[in-house]
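What follows is a group of structures, each given as structure tokens.
Okay, so chain A shows up in both of these, paired with chain B first and chain C after.
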Partner chain A sequence: MIKRKNNIQKQLSEGFWPVVWRRMRRNRWGMFGFYFVLAMLLVSILSPLLASDQPVVCRYKGKLYFPAIVEIFQSRGTGRHFIKKSKPFNLPQFNAKDRLDPQEFALWPLIPYGEYEQTLDFFSPPSADHWLGTDELGRDVAARMIHGTSVSVKVGFISMSIAAVIGIAVGSIAGYCGGKIDMIISRVIEVIVCFPVFFLILAIMVWLEPSITNVMIVIGLTRWTSIARFTRGEFIRIKGHDYVTAARALGISHRSIMFRHILPNSLAPVLVSITFGIASAILVESGLSWLGFGVQAPDPSWGNILRMAYDSLRVAPYLVYPPCVAIFMAVLSYNLVGDSLRDAIDPRLRRAA
Partner chain B sequence: MPTDNNILVEVNDLKTHFPIKRGLFRKTVGQVRAVDGVSFNIPAGQTLGLVGESGCGKTTIGRTILRLIPHTEGSVKFEGHDVFSLPSASMQKLRSQMQIIFQDPYGSLNPRMTVANIVGEALTVHGIARGRERRKIVSDLLVKVGLSRHHASRYPHEFSGGQRQRIGIARALALNPKFIVCDEAVSALDVSIQSQIINLLEDLQQEFGLTYLFIAHDLAVVEHISDIVAVMYLGRIVEYADRKTLYENPMHPYTKALISAIPQPDPTRKSTRMVLQGEVPSPANPPAGCHFHPRCPFAEQQCSQQTQLLKEKNPGTNHLVACWKCKDI
Partner chain C sequence: MINYIIRRLLLVIPTLVGITLVTFVIVNLAPGDPAQFQSQGIMDPEVSIRIHEQLREYYGLDKPIHVRYAKWLGKIARLDFGTSMSSDQRPVIDKIKERLWPTMSLAILSLLISLIISIPIGIYAAVRQNRLFDRLSSTILYALYSIPSYVMAVPLILLIAIHWDLLPFQGMTSDNYDQLTNLGKAADLVKHYTLITFCFTYGTLAYYSRFIRQNMLEVLRQDYVRTARAKGLTESNVVMRHAFRNSLMPVVTLLGMMLPAIIGGSVILEVMFNWPGLGRLFFESMMSRDYPTIMALSFITACLVLVGTLLADLSYPFVDPRVSYD
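Take a look at the complex of A and B:
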């Protein structure tokens, strides 16, 4: 009996975020987006297990090696232009196709090609060997797509984290302090909003060394305005609530009122704007890489894969589809997640929760 | 006005004006005179009922006394300390002595905090208790206001309006205050719940020797709980007397009109209701002289020119009225 009572209590005491999650799960398209984002995250973390020129597990001269798993923990992507296949993993007996010694074996990733590995089939159409074909340098496009995922994931999360920190800080100060400070900050935001962001980023990237890090920083530094505006609006709305007045009457410090009382209640709509921001950051990065200002060849990113495919459109038209579909799906997924999040934190719910 | 020594709260000529700002540069184009020269005393352990229509400045008075809204003029003394001139460190200490209970049981509790945090946060902030000790105090408070101790881990949205109001009361009691402003504390509740909360407030007053400023617009509720009653109209107090005198022998025409509007649970009684004409004027542009004169059936020329201050009607009594004509009516 007592046990049952405890269960009921646990079930009842549901915080705000569990309620939001429960409501989000009802939205089929939102969940589709959520799972796609989750899949992107997994692919970007586990990319060496999915596509690599080194085996996942192999036995060589009686010893076991896990080269692809080791690769997960090494720094990948930027800077490592041409992999030198370290001994012994480049030895021909590891190639499953012509293995000599039955004692030695190698378990290869799903796609046994590295993102930089050049084969001698140029522009080969999709086949069982090269699922998405190869490009003008004979590289496997599927492997490059898989390794390019981490760029999109990183750009989305890191640039929006920078933007969120700046936006929430600026917006909460403006909303909480009000008066002259609010006026000045709001005017500054209005000025920044007026810049065409993509061209601003292009102009800055001309001066900076084109690299993924710089892209992330520049996107982060220019995309915080909408987050700041949302935060400011929420702070102004919540500042007038009685529970904030009660906190002041109890003598709770301004900092604590801002961060413990107002911020958690204002975060939900800000999160929606961050989700949409990630989608647009992915798009901006793809655009920059396409133009050659983002991720530099031969590092793969969806943007520069698309660029190479575009350059050889006549010879190999099938190469443009994978990056196009990937960019489209990523942006769509984040937007679906943002949409369903917005529905789930609907103000009618906010009153109840 | 009572002049004995055990006055807890002393309000002197309090004014709270809100600027009306317009245009690009937010120029001040006028003032809303929400509270316009109000004086009263609250003796320790008693309840002052403050009644008036909505918009007459009742809530503003309560919040100005607690220094939650900046005042314009005048002073408030709490146990002899001038509340408005205290430096922030002393004010912090004083805050634990005076608390507030709100009207809206839905908007007054942070939806993201558990009841334990809502009630107990102030204990941590003021360095009174933490950890297990805090949990103990919080569950004692919850029991005291008629909730149960396992409610501590729940969120506000799991409670009914009356229960939420009890949580708000527990929060106000957490610091063991002497003075509580009940800002329309029962107005948003059902009648049956109202009586429960009022009884709770009375019990707590008995137990802790609390002093209340009970703000309401329901005269029947105020009659039940108050020792002294002040009637407000458009930013000013028009009548101030102990409960019995005010309800049996109202002097100001506005008070008379209000009291005649209380529903009587007696169908055979003939209604002698005094119905006021017109609307309450805007506090941004109050009428000259007595604020009530445009609606007063007894107004004369003098009423529209000069303001009568709150005065003892008969010397020696504690019945104050702000009306030129009250002796004649």
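Take a look at the complex of A and C:
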């Protein structure tokens, strides 16, 4: 008996998420979007290695330094305590480009300019030196674009995390409790939806310091309505399933039913809505930065690079294209990922609009 | 049907109350006393104190919050939004009135144009599913739909307005508008409308076309379409009279939903095109911290959107007679 038992192969059926992933893999455009999102993530993490006014590796006065690598940790705000840039690389006035002797060497990043570094070529068109040209302060646009990526990535993920927490909490309460609570929450959502996105966000931004943190918080606090609606719909659908009734009959607490039994099964459509939400958050951030209420002047963001390009349209038309292409590609990628995710989760829901 | 209309209208009341509440809360969330906030920065102390007193009186800041809310509601019911805090000191309602038409005309124009173009595209693509036209239009429309309007606008301005110098992109009329003949005036307006209308329209157009195609595809698979074909009706008759009419219902819902998107998108585009509409007024009042105007604009745009959704809901029974709400 025991021997036979051992021979039985355990046949686990494929889980839900592996199935979704397998279906997504088949969608070429969706994977393109997915890889572009990954690339954005990498660029934003490794931006000092791609564009910096400090070398990646360099030998200076007989010692080896890794200033750009240290910058990765420093600019993420994590390593300030345990990795310090050694002198003279931590001094703002130090310029590695002309302080090196012939016997010393330096390995430079792809784009050897920092995002704040001002050169003397104002408005120089794209060239071998400055791949995307320079702006009115002589800053290298390619370097600024690369460092601006992290703003879009951060805004997308952090603001949508805030929105997801609020939306899922509100939506699940509305869907699970039903009745009066549901009615009140639905009314609240209807009221918020009535305010055009930009008007609501700008009206709140009047009172706040324009900064990326505030932008992320305000986007998160205002863009949760569609997530809440999806969660509510899923909760109402799943609430009627037998296993929920069984769980209740077993005396499991409401909180546990909501978060451990229903929520995991309702996450898929919510995830689709979050993906589209990231695209719209990136859009709102660039728009706010364009208007001057987002990321502030010396810090680069795609929105304020576009603003600078708009302000110098007649002088430097080539400045327009990099931020436009970048914003378009980011939004397109998230839309593609969202669409392919939706198709993969439920093939019956083919691409609606 | 009258029953339904009355019920739907009654549902508007709590939403309207909610809109006033949100607007009021945003006012009162402001750190400190809004009167002080606005009167600071005025150099002359005498003027500053006077304005501060005026503002305190306008907001009734010495009273408890629910009294203030009630008073504010009363004022809004009489369309009294106070006077603007910017240098011109005009009643807010007048400022909004003169800015309403440029934005609304754009919104209506772009909705009409996108409907007129997207319906044939959507139907044709659905009828010839997976043929060349369908594939081509799907790809192009998807790309168009993903291009944010202001991202599209800047290169367009660069190429059409600056590089080729074909169309103007600043404002609604040229400087010499008053000296033009009537025909010249019309031509001038059309020229100024062209670029901004395109930027307002193409996104909606792409969205509608994809949406209509999708709905048509669903309807075309229905049994009654097969029946119509079996009866020997001409293809155009099947598509237009049997299929298309039944795919209209979700489109009507969309019409109501598109209004907030268009008005919300108006801020950046109107600033970009220097268009004298609500969006730019909103931006200007933000820059000058013109507080009564911001409140009034938030309230009025929210109400416009509410009316849009309401109209869409009310038109259901007309589009689809099966819908009855008892």
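One rule holds for everything that comes next: the second predicted complex is superposed on the first by the 304 of 353 C-alpha atoms of A that agree within 3 Å, B and C clash if a C-alpha of one lies under 4 Å from a C-alpha of the other, contacts with A are read in each partner's own complex, and residues count from 1 in each chain.
In this text, a residue touches a chain if its C-beta (ideal position, glycine included) is under 8 Å from a C-beta of that chain, and two chains touch if they have at least 3 such contacts.
Everything numeric here is computed off the predicted structure, so don't read it as measured data.
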item	value
Chain A residues touched - chain C or chain B, whichever exceeds	C
Touched partner set for A:F73, first chain B, second chain C, both or neither	neither
Partner chain in contact with A:A309 - chain B first, chain C second, else both or neither	second
Overlap of the chain B and chain C footprints on chain A, listed as residue numbers	350-353
Complex contacts: residues of chain A adjacent to chain C	187-188, 190-200, 202-207, 283, 286-287, 290-291, 293, 306, 309-310, 313-314, 317, 320-321, 323-324, 327-328, 331-332, 335, 350-353
Footprint of chain A on chain C - complex, ascending	14-15, 18-19, 21-22, 26, 29-31, 142-143, 145-148, 150-151, 154-155, 157-158, 162-163, 207, 210-211, 214, 260-261, 263-268, 271-272, 279, 282-283, 286, 289, 294, 297-298, 301-303, 305-306, 309
In the complex, chain B residues that touch chain A	26, 63, 66, 68, 91-92, 95-96, 98-100, 102-104, 106-114, 118, 121-122, 125-126, 150, 153-155, 157-158, 168, 171, 174-175
Residues of chain A touching chain B in the complex	9, 12-16, 183, 241-243, 245-253, 256, 260-261, 264-265, 350-353
